[in-house]
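Two complexes are shown next, each including chain A; its partner changes from chain B in the first to chain C in the second.
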Partner chain A sequence: MKQLTELTTSFTSVADSIDLPGQDLSWIQEIRQQALAQFNQSGFPSKKVEDWKYTSLWELTQLQFSHLVEPVEVSEQHCEQLALLEDAYRVVIVDGVFSADLSKLTSLQEGLTVGPFSQSLERIQQQLGKQVSIEKEGLTALNTLLMKEGVMVHIAEDKIIDKPIELLVINTGGTDNLATHLRNMIVLDDNAEATVIEHYVGLTDTSCLTNVVSEVILAEKAELFHYKLQQESDNAFHIATLAAKQATGSQWHTNNINLGAKLARNDIHSQLFGEQSHTTMDGLYILDNEQHIDNHTRIDHFVPNTTSNELYKGVLNGSSHAVFNGKVMVHKDAQKTDSNQYNHNLLLSRNCEIDTKPEMEIYADDVKCGHGSTVGQIDMDQLFFLRARGLDEVTARSLLTHAFAVEVLERIPSEHIRKALSNVIEQRLPRGKK
Partner chain B sequence: MAEQKQQIEEFVPSEYSAGFVTDIEADSLPPGLSEDVVRQISAIKGEPEFLLEWRLKAYRHWLTLETPKWAHVHYPEIDYQDISYYSAPKKKTDGPKSLDEVDPELLRTYEKLGVPLEERARLAGVAVDAVFDSVSVANTFQDKLAEEGILFMPFSKAVKQHPELIKKYLGSVVPYRDNFYAALNSAVFSDGSFVFIPKGVRCPMELSTYFRINAANTGQFERTLIIAEDDAYVSYLEGCTAPMRDENQLHAAVVELVALDRAEIKYSTVQNWYPGDENGKGGIYNFVTKRAACRGVSSKVSWTQVETGSAITWKYPSVILQGDNSIGEFYSVAVTNNMQQADTGTKMIHLGKNTSSTVISKGISAGRSENAYRGLIRVGPNAENARNYTECDSLLMGDTCGAHTFPYIEVKNPTAQIEHEASTSKISEDQLFYCKQRGMDTEDAVSMIVNGFCKEVIRQLPMEFAVEAQNLLGLSLEGSVG
Partner chain C sequence: MLEIKNLYASVDGKEILKGINLTVNAGEVHAIMGPNGAGKSTLSNVLAGRDGYEITQGEVIFKDEDLLDLEAEERARRGIFLAFQYPVEIPGVSNIYLLKAALNAVREHQGLDELDAMDFLALVREKMQLVHMNEEFLYRGVNEGFSGGEKKRNEILQMALLEPALAILDETDSGLDIDALRTVSEGVNALRSQERSIVMITHYQRLLDYIQPDFVHVLSDGRIVKSGDKELAKELEDKGYSWVKEHVEGSAA
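On to the complex of A and B.
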């Protein structure tokens, strides 16, 4: 295991040299110490670990990442172009640093608190790190050790926030091999409702690492629409963990759209602790060239009368490689669980590869659980139908691919957001070629 | 209905009906495993040099391996030095020449099990190569099969009579390096069945073997090899029972099937080994490696299994679809009750062009049991137009059992069409109500609904087995619904 230690020290050694928030807070120092010990012990996961069977971090571990940023100016106008939504509260993080100038946080609606992680530590002391486990994931331990920035969102009881909140994370590529470790905390009190969009953008094709952990706490009957749009650069490593704890009657609707990065890994975990709670997990990945994506989702039904829906779709082109692993756990006594999970993949080229594994572990009898996964290509009958009506082959293929992809947006209630996402997807889709 | 009920009741002594111990003197090796033991086994069986070498290579490789831990099963560690690796019924003469010479105790055992040996065999059209512990005792219908050029004999006999075939095919589908239990089996396998169907021959009857683990503390390590040459067809049945014993007994078998051009092999199993008592005491550990190679074009292999016994089942009958247009099928019913654990499924490896596979798996869990489906569908980069359909359904009875699905799908070719579907449910109140309203009692209703749930699989079994399997289902789930 000597090798492993060498790999981890390139990260752990910087912990002392960079300016991490909370140096004066003993509780956060304690958390970081635990994380350090844990990361030293577990290191980066290898392919021998079942959860990393199809994804190798070898390339990542061979790079020497930098934690010192050379600031690059992003103009307000440029930022406006990058953002998904025009009319939204916005938190902008450029190369891992919060930008107050670019953020739009004026005239916040009553009951809404939004701020950068580095300035909100005291507010989140009670909840920080409670939704994720550093023991199970070395990368979460690494994030905990080095977390520097992110966003903190808090919605007070009974407040419905009308405007979406967009977290715009921009990697300018100004620093070679820049590593950013972000931590987001989203807390909704009883009956609160909000929409949060995590948006990751890369501007150049410089190599970088984004390691983000988002924690979500939904109190009774809270409802969160939680979208993610990942458009990192072609040489980026994007590692994301997203975990929520849900109380009675709460609803968490996630949609996870991945278009960029050389290697992206998402671990999404919903923990249904309250009855009548619900999780939606939808997602889309569109890959080309050498891209690699690994989506691991897990839904824990701990109590009776909870529901979950999951739909992940993938379009693979070039010599890309996609991995899907969805796990639904129905724990003992979680009777009347209703869960379904689907993963559909469209393969467009010779050299792409898909490894999909929808899993169920069920320990209660009165449940309705189903899952399915398919791998296939464009249906010749459908193609014929369109061709017979005068569409040329390229257009017909594009149309069918687009129709396949945008199905994952159907459960987004806001037409505005749905359209914005649909536009982004359309631009990314491979033009049907013969 | 009354008739069916009676039939079920016949099979429903609440204790394990096959749990009797036949009192026969056995030639056993003392417990323990070493190179000497491997040499001894080989010497007892008078094996040629190449086989001993192969066993020793397997043994040395086994020493380097660790017990696999990935399956969803839990059990205390097995002490491999505490097992006796050879046990054979003591010979009175040099070997039975006809049925009359077979130990009457043995025959009674088979009678109790309802194995159609003697006249019943002829009527039922079944040729039985009964493996009693490790040495095959009686072969029926040898002559009739010989006429067709079919070889159906104990493995040890095949080693002596047809060493060239053994040399060519042994370990060609499951190499000794394959996994922990396959390596162990390769080192110490005692006996098993060997079937060879020559070119163009359609085997005129169902071939059948009954395995039975008798002596206490003997692991059973049988090895089956079936070869179907071009255009051949064979249907092979395997039934398993073990007497009731308190210690857990280890069973690590290897089954290899080879199908050449346009050949078809149908392999059916009804596994009814002792599952242990209600508290999980005793029972068989069933760790089996079964694999088929569809080597030839348009060849076909079909696995059908009904698994109701064993304390722990760890078994993945697989098909390697090498030949173009080859077909693999897997039909399975796995029932677990009380403290039983099953981790079973299949692997379909698509390598040739236009290959297709079908997987139908039905899991039923009751009591405090765990039942997992674990499957792999792999499509290689050159497997154009591969097609797979997988369906795995679970039925849960009671809130203390578990049902799990772990389907792996790996596709490296864009022309593949893969579908996987799984569902989990319980017997609905509506279904029960409907049956009860028509005068059936709960037990009958459940038995009927379960049989309906499994029909797609049971239907694949040969007639006699289908009846036994249906009865077994009812029997295994005895008392699991209140």
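On to the complex of A and C.
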């Protein structure tokens, strides 16, 4: 059995019983209908599917998810503390519901349109769902069936948006097993530039499911700095699909930082359709206890003269488990592709486990490609050096761990964002246990 | 200051130090010479508290305390400083961060407050001048991409900042050009005082022209086989270690 179709939650009846946006729009009703048919067929992927070999969704099938809730109130001050950046446009979603009060969407720079998904459907009719495939992924079908909120960002031609845009998704944990299905659309027209941060935060250790699909469209020479910070609660399931289509000369710089959740899965896909386009896929995961993460990335080089860099690093403690599967596809026309892909892991305990598989499939002959992965421990020479300078062992270990981790931030050009992320990472690092 | 009594140490069951006896009083400079593989770095590592050595016999007293009972960091805070033969690179930890953390660790132990950012930087700048280091090195990763000589200067910079009671310099002169050797020696000489002791390991008599030792010891096969003043170093330079070995065997017979 490649599918898990016996689900405790009847998502079909959920779709009938809750108020989803676009009920008056036939095109969206049609999309949802297709998704319903698809999801009924595919359900959740089982471990028999190659791409899900190390990650079991069985526990998800056993939960009775709730979809209708009154969001718990979050104070403005609390929201301010949770946000990564103080000086940013902000779209805040609490327990799956857009909060106009907490969002910061006033005095938008000219050329920037940003707002909640539920109020932006007409604008995205042409693009919605085109970057992802409901046929291949049951979870994307489920998301399409139930997508209710998220962020829509559009940058007009030639506009450079100086202030970052932070999507802050807060799960308060006020309801057990709350499921939220979010859809984000980020569209940059020719020569546009912007920074978008997807930030997911859990406040308590209540179980919940975040199922998010983000679609990115970069027109010619557009440049998007796209960061994700996942700090969900210890009992959260976080499932994210992120896909971009890139035109000539466009650049997509992603950084995918995962610190929370009981189980997190990221599927990230870049499709380089235009020459001179570039993707950066960097990421970090810091796990402890029983945490599980699975990062699946894929970069398709379809045309000549495109580039990609990928660096994923992981710090594992406790009996955590990480999976990295990175695939770079260099298609037969993609001559002069320049691509590298690395995954490095630091294991802090004996009981953690890493399955890493960087892959390259190359069908062009004139390319420059490199890939590799490593798994290691704290370096004893470095540790002794620091202790011989008076740093206690715990401090020395966490310093070395931090130094290992923050390398993934090096390619972030904004010092401000780099520092903010570095601080968050430092707080999450295991305190140097032996 | 330091008293090593009949010290035996082994690694993975292999005996490396075989009964070291050495007394270093405050204000003294001792040079230790000896062939490759004699156990000189092992002795410095054992004194600095590196894990992995089994002390099978003997004791080490430092300022009236049993040194071997202390962790590496506790020794550092009490004023033991080891300048490494091969300083390790630590990408991702900036030099300035290391200097600050190291200085604060020592100051905290001494019951002193942390220096504020301004005073700290002023102090670091002063010490950097002493070893002719460019400020750019402060913001690089610890020893990251440093040349061999730059790494050694960086060790001396740390020493100058921390002002240890006992500095152990493990071949700090190896790999230095003539100017750097002079700079490093000036750095060490600036530290010389009545309250401080220096143990320097070297293969070259030349260093001893710059830093005049009070005593010279020859360490061979895990033992100090000969001690003398700086004339001993000259004699060694002329006659080689085989002379000491014969000499020892001769006297043992």
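Keep in mind that, in the parts below, the second predicted complex is superposed on the first by the 427 of 434 C-alpha atoms of A that agree within 3 Å, B and C clash if a C-alpha of one lies under 4 Å from a C-alpha of the other, contacts with A are read in each partner's own complex, and residues count from 1 in each chain.
Keep in mind that, in the parts below, contacts are C-beta pairs under 8 Å (C-beta built on N, C-alpha and C of every residue); 3 or more make two chains touch, one makes a residue touch a chain.
These numbers come from a predicted model, not from an experiment.
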Exercise for the section: With the two complexes overlaid on their shared chain, look at chain A and say whether chain B and chain C clash or fit. Expected result: fit
Practice task
Considering only the touch criterion stated at the top, classify A:Ser422 as touching first (chain B), second (chain C), both, or neither.
Solution key: neither
Exercise for the section: Considering only the touch criterion stated at the top, classify A:Leu386 as touching first (chain B), second (chain C), both, or neither. Expected result: second
Practice task
Check whether A:Thr395 is in contact with chain B, with chain C, with both or with neither, and answer first, second, both or neither.
Solution key: second
Problem - Comparison of chain B and chain C by chain A residues contacted - result: B
Practice task
Identify the partner contact of A:Ser10: answer first if only chain B is touched, second if only chain C is, both if each is, neither if none is.
Solution key: neither
Exercise for the section: Have a look at where A:Val367 lands relative to chain B and chain C in the superposition and call it first, second, both or neither. Expected result: first
Exercise for the section: Could you look at A:Glu353 and tell me whether it touches chain B, chain C, both or neither (first, second, both, neither)? Expected result: first
Practice task
Return first, second, both or neither, reflecting whether A:Val406 touches chain B, chain C, both chains, or no partner chain.
Solution key: second
Fill in the blank from the handout: For chain B relative to chain C post-fit, closest CA-CA distance rounded to the angstrom comes to 15
Practice task
Could you pull out which residues of chain A sit against chain B in one structure and against chain C in the other?
Solution key: none
Handout entry: For the chain A and chain B complex, residues of the former touching the latter
Key = 50, 316, 332-333, 335, 345, 347-377
Practice task
Write out the stretch or stretches of chain A touching chain C in their complex.
Solution key: 379-382, 384-393, 395-396, 399-400, 402-404, 406-407
Fill in the blank from the handout: Counting only contacts in the complex, chain B reaches chain A at residues 70, 379, 381, 394, 396-426
Exercise for the section: Would you mind writing out the residues of chain C in touch with chain A in their complex? Expected result: 48-51, 71-73, 75-77, 81-82, 84, 87-88, 90-93, 98, 101-102, 105-106, 109, 141-142, 158, 162
